[in-house]
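The structures come next, written out as structure tokens.
What follows is a pair of complexes built around subunit A, which joins subunit B in one and subunit C in the other.
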Partner chain A sequence: MAMAIKLSLILLFFLSSSFALYEDQVGFMDWHQRYIGKVKHAVFHTQKAGRKRVVVSTEENVIASLDLRRGEIFWRHVLGANDVVDQVDIALGKYVITLSSEGSILRAWNLPDGQMVWESFLSGSKSSKALLTVPANLKVDLDSPIFVYGGGYLHAISSIDGEYLWKKDFATEGNIDVHQLILPGGSDVVHAVGVTDSSQFDTYEVDVKNGGLLKHTTASFPGGIYGEVLPVSGGRFVVLDASRSVLVLITIENGQTHLEQTHVSDLIHGSSGNTVILPSKLSGIFSLRTDSCIVFIKVTNEGKLKVMEKVDKTVVVSDALPLSEGEQAFALVEHGDGKIELSVRLVHDMSSNHLKETVKMDHERGFVHKIFINNYVRTDRSHGFRALIVMEDHSLLLLQQGEIVWTRDDGLASVIDVTTSELPVEKIGVSVAKVEHSLFEWLKGHMLKLKGTLMLATPDEVAAIQQIRLQSSEKSKMTRDHNGFRRLLILLTRAGKLYALHTGDGRVVWSTLLQSLRTTSQQKCAGLKLHQWQVPHHHALDKNPSVLVVGRCGLSLTSPSALSIVDAYTGKELQSTSPAQHSTVQVIPLPYRDSTEQQLHLLIDADKHAHLYPTTPEAADIFQRESENVYWYSVELDAGILRGYGVKKTHPSNTVDDYCFETRNLWSVVFPSESEKIIATVARKQNEVVHTQAKVIADEDVMYKYISKNMLFVATVSPKANGPIGSATPDESVLVVYLVDTVTGRILHRMTHLGSQGPVHAVLSENWVVYHYFNLRAHRYEMSVIEIYDQSRAENKDVLKLIVGKHNLTTPVSSYSRPEVTTKSQSYFFTHSVKAISVSSTAKGITSKHLLIGTIGDQVLALDKRFVDPRRSLNPTQAEKEEGLLPLTDALPIIPQSYVTHALKVEGLRGIETIPAKLESTSLVFAYGIDLFYTRIAPSKTYDSLTEDFNYALLLLTIVALVVAIFVTWVLSERKDLQDKWR
Partner chain B sequence: MEKGKGVMGSRKWAVEFFDNSSTPSTRDIPDPPGFTRVSHEQDDSTLSRQKKDAEANWKSQKAWEVAQAPFKNLLMMGFMMWMAGSTVHLFSIGITFSALWQPLSALQGVGKVFEPYKDSKVDLLAPKLVYIALNLGGMLLGVWKLNTLGLLPTHASDWVSSLPPAHEVEYSGGGIALY
Partner chain C sequence: MAVVRRSRPNSPTILSLQLCFLSLFVCSSVSVATGNGGSYTINGRVKIPGFGAKGLVLPVKANNAKVILNGGQQVTFLKPDGYFSFHNVPAGTHLIEVDIIGYFFSPVRVDVSARNPGKVQAALTENRRGLNELVLEPLKEEQYYEIREPFNIMSLVKSPMGLMIGFMVVVVFLMPKLVENMDPEEIRKAQEEMRSQGVPSLANLMPGGGRSN
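Moving on, here comes the complex of A and B:
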């Protein structure tokens, strides 16, 4: 027993040493980028001296404090995916207050360092709008209350410690929907303004001290209302009626509510429907957007509406910013050609621009979506303004004095899909001077390293060595390298922007806002998938590689799709179809290429017709030839059905498109809806390379893997167990996993895990699938592995027959031959819950595999596939030990050194992509979420290359020393021989 | 010698290698007293036969000894192989290859080894055969060791592990509808 423990310890040590990273290797082949996402709210904190900052909340549920000078993140918190931030504000000048989860969680964060100070959970009885008001100068019994409306309640919370002061239930007051919380300056009354049943306008006045209702005024409006009630000035509100053609001005005076209606068409001539009141709060003025323009309307003291100005409808308006007593300013942004015009106006003097600046703006950033302004006092006591703008591509820019101070590419926080492209081949012909210089640098670097190795280096030199290692110009070159480490990562973001990142240092090489995916006022477009379109390797070498972006214009599955082909070297949109003639619900890259190395793709539309791309006669020819063997399948989650289809050669009768083909349903697998619900499906990666079909096991025996690209892993749970963990008892929840052949619909394997439930994360590679789920009986997460082997080949064991080539191992296989399969499986406990699972992939598939597990802590853990080997047993035989089989343990070990993200976190981890390098031992890993992380891993160590820090100088020195020694000894021996002869 | 001196005046001395001691008729100088000229062939023929037989015996014995020498080697090799174990490492590989190389080089020089014992009277065939057989035995031992180390392609796994996966006729793709 002691022996076994010792052995396993040695093994563990051996394994762990294979991934470990030294401290000085961090940043050497990995990079990490931190983002926050598209900004929703921004609050400036610039009053006091010291570090000026802006606190933002984003659509990725991030709260961050940014440095106003450089745009760096001071601190950042990522709230859960369901914890959507509703409002952000600053209280007491030192706390950041956030309201999230539809007004049910209120938190205070320390402004300088982002530590959470307090957290309050606010109960509510119904879902409602969440409102947060942090009064600036309100003191109630030495406390400064914060007013929160959420879940039908108005809460007053102490800003010092988050204690409840009082709460007022509005749910009992009828079906009121509170739109605004207003605290008129200097009074002790909170005004809650809302609408009941969208036809009655209510105002409640609540005492700030105890929550007592002081006054309630109401006025009914039979026309119904549209949108939100917007406060204009003290006691005045505007709202649109249900038909969006009448403006209602609400005036509250002496406890009376007056309604006054004005037709929009009376104010703006020739305007149609689609009128919206913009939410910008400008005192005494409100803005109205119609189909053609934005109109600023002033509400006079007499309660009359007066059109101040008409501007273009693409103009973006900020909230009003109080400058000094009675003075307020707001900002407008207008678009020009390659520039934007920022103008700041005073609310009381709309006629002239207080400030007008023109800023050059990259086309690829699109339109301005949001603007937040902040002022500062210049040395001559006049007001200067800085503007934080959010662009269409989700990037964040700070403008000041007509310049862009800093930019953040926060669109990269919402990556949808990833693909890669090779870099251009290096041009031959390098200048001699450059070679000499680089040779000198090289020698110098290696001499330094040698010094470091021999421990002769001074601390300065050690720092210089580290600097050389980290900033090697070699790794960020824009050319293809021999090992295939330098590549372009092409990322499609939710904003419809395509980015190309260099794997060497993570810089953005190019970015393109895809015109086909731009959301217009008519339709909302979004990207769906990114595929490699053309990869010139043998033919068409004059062409650059390109990628295909598939998107959709509209929200439903039947909306037309948008396609564009983008050059991977330059980011130019080569071809763009928006909207295309058909919808797209599936994109299937086919394993065929035409003579220019364009990959054939099938796009399946909502009517189950297959559309072939590229639309060339040559592609059609290739497809016609191969169409008999092309199948596709669909997973219908709601219905719980898997359907398989074949492609017909004929075109649908109602189209004249030569590239549209009919499909026919071949098979269906119907899961009983009362007992099973599909929760996860995983297929093999299309570009995965498998080296061999045989698995050599102990005693030189062979097992033949069942390697099929047409295998699908399906996991279903009982409908009751579909909810979160804890919602079902172990007896009610059953997890069933299937391996399905997607050509014939044959179920290769089925396994039931009683008392287990999802969420299931799985990865399918070669002939195995590893999946992660929750075991309710053991109260632990589990990981299971299924390996599938081909029995129909198992007889191929006669050496003589194999030598002379009499075997059926290389004959093409068809799924219709229904090969016999056997499976082996095993389950283990696993400590973490998992966000994503992936597997390392290498160029030839020879190197052993590592599972890459995105843990709940947003880190990526590398787990050797040998730990999830179903052949593990408690007491492996000597032969099995030699094979490298580990003794069975009930839990999978988590070795701290095997985190590929080492000390970093990839916040909001969503996916892990692995890309094979040209070097067989190495796999490139890209993890994305809100942050991006890239590194490369060598699951079996870099057995095919010397490590980057290999000391060539030492090797050279050794060789020289040896040669010298040979000469010296040769001369000495010659001399001795001569002397011997003379004796 | 005297003759040589007389003939060539310019030469100081010369050596006559032709031994004419057995042909007294040609010489004019009488033999010294007490010297009896006898031919080797005629003289004590029985004694030389005995001597020759002994030599042949000795040669044959030696040849047998040489022929059996690989046996000791074989035993030693076997012991060393047993010591080396069945895992592949530098030591076992070295021993195995020396076990293969030694018999091979010995077989190449089989003629040379028995050269000194070559005699018309000695039958070297049998010792040679034994020698060859023993060396072949040694080589077999080496091959067997190679096999136990797993370095010979005698298993099915050695022939199939490099075979690529078979090509699949059908192709299928798809999944959950994109949204």
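Moving on, here comes the complex of A and C:
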């Protein structure tokens, strides 16, 4: 029997050793959310029946087709980082046309499935505004050209195959900036309207057929022109003069250009200088925004300006929407208290609202930023309207008939920083009925699973099994769990909104638009960093955990910072300082806590003063006591200098502020700017736990890891190699990596990679650093590992010394003692480009590590750290094999099953965050970019718990079978005994 | 057909190709009309074998395919027939990566020469194989999921529970049979031995073990 048990144990081990996921386990412990970002342009496609959709382009360079009924993504493409979308339109009713890269790339995408149909590269000679005009043509087969202005050229391109038809060079016509391309319906002439040297107004008429110049009118305006020329009606344009106080109405009649000037102050009394013409193309009407209001001005047939209406300046105006009978409609959105008012007006009848709806709106979405409208014909043949609105928090909403049809939280596409928080502890006291019910459910679930394993389940039951797996209520509970899988992910987005996502199912638990980070007309604010502020564990247990959000009000480094403290359970802003008294260039979380478990933070401002937070006497006291041990460093990328700082000792009497400290520069490392340029610096994660310093290697030898929290990895390249791949030759590019101690500035290790260049992505953990760079000689990407060991402790393995007491285990570790370190290093080829590297982290640091590599394909690959072990050799000895050392290969393996994102992509991947679970074997992984992805990984398998798909029912069945067998044998043996006795 | 087309602002010239084969990699030299633009066009094609009769159509999942130049410097997409192009590429050695979920592509090294305009070399970096035309094919398909083994009775028997049951069955049903078939004298002998040894031994119960005594 003992043998059987042993055998079964081995088998158990074997069975659980498969790491990868089965296809039916998708969504079981991971979730994936797809976003698009803040919408810039939207084009509706609702004409024909079937799927109604809206095509959008966003600030994350995404083009997507969304379902107008539910807001889901039909298809989506993420363009390159510097391929910014300029314009989007629909041509021929079946192609989505996008113009990007400052009007140099024109692409057509198939509307139903998003397949790219054609692509045209439009070369230009100068950078200019990019304009796209697609003729409104509902006939599918008629090839009408698309007109594109970009780079000083007007191009006509066939909409069917993207062929060039002709181009007209405007660069030779003088220094003209074309502002508008107008294609009057039914005519064969394209009008290009522009301004030369911002003092001359030009119109060109170009033949649609061949690009020949038909007519050129010009009129000089010595006052100078501000902003853009806006067409009002056929042959009429308005523009502001350079002082922004005079409106110029331009009328072109019979080849003659008349200019007529009107002072803005004559139209609007008491308006000041910041006047802007809004670019909504309404016929006969234009709108003007001043400091106080928005004014709609009608241009009468006689060329007179007449103020139609004045509305509040926070009102957002949509573009004009042509209705069937030559009428135009546009929408206005007004922001009220907890609601928004949407009104649709017809251009011909401005006095009354065609439609007015009031929609309740969450405060946390902020103001309306953009509105796009679309109409539909109701059953009674009247016009109904739907409005797509973009809010301050970048979310996208569809309004129809006074209701929000759907919302998309697209602010989550621009996550800046991530932290986590624990959930509240579960209240004790669960009813018996609930337990019984759940027990029954539990058994039923496992019976179903058993059926599934035995392939006895019907398709319905299979679906039920899947359902149970996905919707296990356990994983989405709002309480802390034993394994630490349930947590809140707290995300700071570019819109200045804080989201808390539940790790169980990825739902938004709360979201807060931080008041301190809201961009106002005076200042532009943005969030920067997120830090743990208070984590009650031992004291202050009545308090909720909270996070610190650091932002900046303004664009420069010296602009004042904005600080807020937010409750992690409710999302309430507990404390908010905006703008603060000082700027913030660096935030240093100190390893000290006060009696309420608030973490001490040092905020370094642009003048190198250190500001202590929280500003309590207790915190100041703790800091004064520990100030000698506080060090930090700064990296000056442009100057190529690393600097180390400490707090200057001052007498408490002569400081102005108790929480502001003078700093002193302790050391500097200057990299010569003519030969080295810093491209990457990576430090260890502050909260990383290392289990043991000793590493037992083959033949029972011990190596001591050099573990220092103050280690910094710095990578520099020669200035020539700073550009993209292909811009430097192998001979002129050198990559140098350093390991620097940030307390003393001592360089612990330096290594040169000749013929290599960046970009460098690196991760530093325990005593090793792994970095990814490009080897120009081999023309492949490489990954290198450096492990650093402490030699001063190498003698400790002598048992005799240990007994006599001559070992140095008790000597304190100090950065000031000169360390005797040795390093080992090795390099390997790696196939893909890398976007981010991270490493798994576990609660106690016992479990082996996995590198998490975000590849260029936006997937996250888990690579066992054993593959990047510098002790790997071509022919490992028997002892080394037993230790688990792998034979050396020149390239790192890419095993498709070890992609933690399996068949999914985290589009636009920017970062990978790992969070230790309470269960030592498991690490939580959160990858973010335009998409969000969460899963848990167990680098050494889940050795401390049964896997989720462990078959309890089979275990029960076995036990029952065993009990039955015991009884049967007992009965049999009884009977046999009886027979024997009778014999 | 690794075509490098020099694009000049005003007159894009279509170039004739000459292919010269070298031993290690294949280079195609292209004669170019004079004129220095400084930016080139790289044209290529992605082909997935076994799809479509002539490989002319890409599978649906290639809809989200991307072709990436130099680790993200430029990103382009595939046309329905698999063709792609990068414009405005400076001379130098570049790296092209293809990203289609479900396939593993080797990055491709493409040399765009400034000294000999139009001369192009392309090679897969994974296996250093030269390409005589820029047609990129996946090295292998990628399976992201473990394949679930179809149910068979052996896997159940092999599982720890199965082994336990199996062992039980053997002990319960086969052992008495074995004992029955044995010579009563041998059993007695064995029992005596057991008593004398004090420890029951499995080997002694076996017929072979009994006979050897």
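To be clear about the criterion, the second predicted complex is superposed on the first by the 920 of 983 C-alpha atoms of A that agree within 3 Å, B and C clash if a C-alpha of one lies under 4 Å from a C-alpha of the other, contacts with A are read in each partner's own complex, and residues count from 1 in each chain.
Here, a residue touches a chain if its C-beta (ideal position, glycine included) is under 8 Å from a C-beta of that chain, and two chains touch if they have at least 3 such contacts.
A quick note: this is a predicted structure, and the numbers were derived from the prediction, not measured.
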{"item": "Superposed partners subunit B and subunit C on subunit A - clash or fit", "value": "fit"}
{"item": "Contacts of A:H691 with subunit B and subunit C, given as first, second, both or neither", "value": "first"}
{"item": "First (subunit B), second (subunit C), both or neither touched by A:M116", "value": "second"}
{"item": "First (subunit B), second (subunit C), both or neither touched by A:V635", "value": "first"}
{"item": "Which superposed partner A:K709 touches (first subunit B, second subunit C, both, neither)", "value": "first"}
{"item": "Greater residue coverage of subunit A in the superposed arrangement, subunit B or subunit C", "value": "C"}
{"item": "Subunit A-centred angle between subunit C and subunit B, computed on Cα centres after superposition, in steps of 10 °", "value": "60"}
{"item": "Partner chain in contact with A:Y899 - subunit B first, subunit C second, else both or neither", "value": "second"}
{"item": "First (subunit B), second (subunit C), both or neither touched by A:T681", "value": "first"}
{"item": "Gap in Å between nearest CA atoms once subunit C and subunit B share a frame through chain A", "value": "14"}
{"item": "Interface residues of subunit A shared between complexes with subunit B and subunit C", "value": "none"}
{"item": "Residues of subunit C that touch subunit A when the two form their complex", "value": "7, 9, 41, 60, 63-64, 66, 68, 70-80, 85, 87-90, 92-95, 97, 99, 101-102, 104, 106-107, 109, 112, 125-126, 142-146, 148, 150-151, 156, 158-161, 163-165, 167-169, 171-172, 176"}
{"item": "Partner subunit C, residues of subunit A touching it in the complex", "value": "1, 4, 7-9, 11-12, 15, 18, 20-24, 26, 75, 77-83, 104-105, 107, 113-119, 121, 123-125, 453-455, 724-727, 759, 774, 776, 778-781, 831-833, 835, 856-859, 891, 894, 896-897, 899, 902-903, 905, 954-955, 957-958, 961-962, 965, 968-969, 972, 976"}
{"item": "Subunit B residues touching subunit A - in the complex, by the definition given at the top", "value": "87, 150, 153-179"}
{"item": "Residues of subunit A defined as touching subunit B within the complex", "value": "528-529, 550, 552, 557, 584-591, 602, 604, 626, 629-637, 644, 681, 683, 686, 690-694, 696, 700-702, 704-705, 707-710, 742-743, 796-799, 802-803, 807, 809-816, 882"}
